[in-house]
Amino acid sequence: MSKNLLTAPNGGKTILEVGPVRIGGEEIVLIAGPCAVESEEQLTQSGLHLKKAGVSILRASAYKPRTSPYSFQGHGLEGLKMHKEAQKKHGLLTSSEVMDPRLVQEAAEHVDILWIGARNMQNFDLLKEVGKCGKPIILKRGASATVEEWIMSAEYIMAHGNPNVILCERGIRTFETSTRYTLDLSAVAMARLKTHLPIIVDPSHAAGRTDILDVLCKAAIAIGADGLIVEAHPNPKESVCDAAQALSLEQFEEIAKGLKPLAESVGRKICL
Amino acid sequence: MSKNLLTAPNGGKTILEVGPVRIGGEEIVLIAGPCAVESEEQLTQSGLHLKKAGVSILRASAYKPRTSPYSFQGHGLEGLKMHKEAQKKHGLLTSSEVMDPRLVQEAAEHVDILWIGARNMQNFDLLKEVGKCGKPIILKRGASATVEEWIMSAEYIMAHGNPNVILCERGIRTFETSTRYTLDLSAVAMARLKTHLPIIVDPSHAAGRTDILDVLCKAAIAIGADGLIVEAHPNPKESVCDAAQALSLEQFEEIAKGLKPLAESVGRKICL
Amino acid sequence: MSKNLLTAPNGGKTILEVGPVRIGGEEIVLIAGPCAVESEEQLTQSGLHLKKAGVSILRASAYKPRTSPYSFQGHGLEGLKMHKEAQKKHGLLTSSEVMDPRLVQEAAEHVDILWIGARNMQNFDLLKEVGKCGKPIILKRGASATVEEWIMSAEYIMAHGNPNVILCERGIRTFETSTRYTLDLSAVAMARLKTHLPIIVDPSHAAGRTDILDVLCKAAIAIGADGLIVEAHPNPKESVCDAAQALSLEQFEEIAKGLKPLAESVGRKICL
Amino acid sequence: MSKNLLTAPNGGKTILEVGPVRIGGEEIVLIAGPCAVESEEQLTQSGLHLKKAGVSILRASAYKPRTSPYSFQGHGLEGLKMHKEAQKKHGLLTSSEVMDPRLVQEAAEHVDILWIGARNMQNFDLLKEVGKCGKPIILKRGASATVEEWIMSAEYIMAHGNPNVILCERGIRTFETSTRYTLDLSAVAMARLKTHLPIIVDPSHAAGRTDILDVLCKAAIAIGADGLIVEAHPNPKESVCDAAQALSLEQFEEIAKGLKPLAESVGRKICL
């Protein structure tokens, strides 16, 4: 394997500035929102509520990778337009997953940050395409990817022209079944040693349940994560996908408040 | 998860006819060739030799998914053209991996069978695209995909218009390190119970070594596989990728001969 | 790690003679029987029936490692005595798991072969004790043990005075849930490369189901196993443990017959 | 599986008192020391230094489970006596692994707390024996044990008369190789939901390296652990086993100091 050149630490840690948000700095960045874009109203309501809870980036995907072809596949371009409209009201930065290299440009024109899901971490043509799109990219670790492979996928994006990569740990596949995946926080520490990139943690997909989410968020900050990406929905039971792992907006707010003292104890800030 | 409709066994097993080759019938289909297309000469030499060894489909990919962006990425369209030219001389069916939904049509015009690699088993936009391309598709199981997820990915291709799917087990990621992946032959048996589709086995990527390949091929036929896809190269040491797992053409021939009695013992045939 | 001296192949393969049974020779050794000793009658009935089906060693454990302390823990010494009595009628060699170093001697006096279960593969005090007992030992691979660790555990037994070790692959723990464990047949091939010891396969515990057992048995012989250890019970639904994976005696007989041609195709014999 | 009765939460959390130490209360319990007992002097030096660093229980095992029979196996009874002698000088509580049911009594007479290693989590005869010994037991989770199985092993100890069980997460075996095992902190949260028992974390064996140990300790406290068990050695390079994961006593002291603010941020205390 060729040496990674662009992701290597080189004695520092990168702070990524996206509009008013600094990712990788002192402040812990909170990203939250529904799994999928369902309606403009859903986005507006989520954005307005989550803003008060310290969130600076709204998550909600217009495209959904689903195990079954018969499950809801996302609203696509319509969903992206809903993001654009809702943003006029809530004012947060917006983000969506992108899955198809042909749709990267379309997505990049409508939201502020794109993410690559775990299933596509080694979809190399997609990585090359987001390397050319000019928007910050959250790169989720594949469920069976080593830390080394994860970093090499970041290297793909950067080698194709986009230095704005944020690594995201979201759980690996193991034999344990009490959680949906196994959140590998050591990997966050290892990626910190090996790269200069900001790193965030997605405890929602890892756990697949909400009753341990507060302590997973705390542990993620303790391990050194620069941010969290969490599923929160105005009405979790009605979520079109992954309902079991979605917090209500109120639950998220409660958890976010509880993170402040811990963040400060490790020299970080949560602004809310 | 929605019920799978198209992949369910429905009391039978499908035989897929591709030119003169029947996949899923009495005969064990041998697919072999280099990891990647390197030159027209390499393909011709491989094809002519492997034909004598019972191979009916030549494998060699024009596109290569590589962990590092600095590794050889495949010859692309030029590689596909080499397949077309070489085929005039060796006369075998040809096959290549396809990774980018934008390049499916191009690939479908140049080779007879396309395969989806393990890293793309849940690249759903790619699955949809090959669903429309009219060529038989070998669908490799993802390294951390359950049997259920693998079958649902086949369902994607079929639900988008292409009933000609061949499942391929190629090893899953486990803690064991003496082999590159762990070949999960039980999964072949389980997929047989749950679907009507032809199933083949790739022992080369699973093992990542050649010294146990003969017995892995035998075990694959014993478990009920309809075919094998094996890496064989005119000069393994010079292979541009995965050199450690490539057999020489002579080694492949030797192994193929050795499979005949076992295949017959389970009511199958190997024609060479 | 110190070099293994006693298990290394040294240019040969060991044939272990236990009474009239040769393990590791041309003949595939069939070991079968209930999970646990339940009664003398159960053993007699199983032994007499299985003998006709080609079985030369009856399995049935007097001690049972159970996840819950409230589950049946085995009949212990009484169970061993039942083995002794039943043997007078069926005449097969007998075998039982042994779990407690204090009970190794007692077990060794009552049955012909002892086995170490997967949970105890690195119970080193037990390994040392069976190293002194003078009976052949079947050493099951731990569910998360590497091939290297498995062989080093055999080395423990041999270094403490007992050269009569039989390795047994019985499935490793992975993310896949359609089977109870994942049968790792490559590990059989790797252990063959690295040691001179006889190797058998336990498809029953690996699969945790009976509907794929016939092809798993075939694949095990194809990969080069010297024998099979299979759960078969006079009345599977009434089995005190692991009922889902137990064949009826008739089903076992049917499967065993079906193995003959395949065994012969790879130069082995099944005598029935 | 039978219902667990003794380990179920029943609306509370147990605080275990061992001499002056309360495990499971407000204070985070620090357990540290060498992997193995090497000499009385090593124990004395470690104990005196670590006491100043907030440690209340010295770890160092008289028995060592080693993959190879040719590796150092521990000083056994001599090691236990060294613990007894050294304790007169350092005054900390002492602890050792116990592996052999025949040696549980001997160990219980010499040290204050016994631990069951990961390899023996389902060594049920050992669990039963420590159930009768009257000393508190640290039960490490097996490297491939589910949370459910881990709790059922605690149930074994308790059902045999010993209510004083402390659960210990120490990493599970996965495909990731940058760390020795994968520390599964979600399992700590899940065990907290399902039991009333104190839970500690061993980041040393999980990581197999020292450069990420400080943040792993923090994350463990953040997730809700009641204590840490860490390898620290007067001269790590000279450690007879697991040298790569041992901190120096000074490094441990430094890390322990750094935990205070974080512990307080989650309502816990570290006394040093």
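Letters A, B, C and D mark the chains in the order given here, with residues in each chain numbered from 1 onward.
Everything below uses one rule, namely that contacts are C-beta pairs under 8 Å (C-beta built on N, C-alpha and C of every residue); 3 or more make two chains touch, one makes a residue touch a chain.
Just so you know, these numbers come straight off a predicted model, no measurement behind them.
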Touching both subunit A and subunit C (chains): B, D
Centroid-based (C-alpha) most distant chain relative to subunit A: C
Pair joined by the larger number of C-beta contacts - C-D, B-D: C-D
Interchain centroid distance [CA atoms averaged], subunit C/subunit D, Å: 34
Inter-centroid spacing, subunit D versus subunit B (mean Cα positions, whole Å): 48
Set of subunit B residues in contact with two or more other chains: 144, 148, 173-175, 177
Chain contact graph, described as a line, ring, star, complete graph or other shape: complete
Subunit D-touching residues of subunit B, taken from the complex the two chains share: 173-175, 177
Subunit B-facing residues of subunit A, complex: 1-4, 65-71, 73, 99-103, 119-120, 122-126, 142-144, 148-149, 152, 155-156, 159-160, 173
Touch list for subunit C against partner subunit B, complex: 144, 146-148, 172, 174-179, 182-187, 189-190, 193, 206-207, 211-212, 215-216, 218-224, 261-262, 264-266
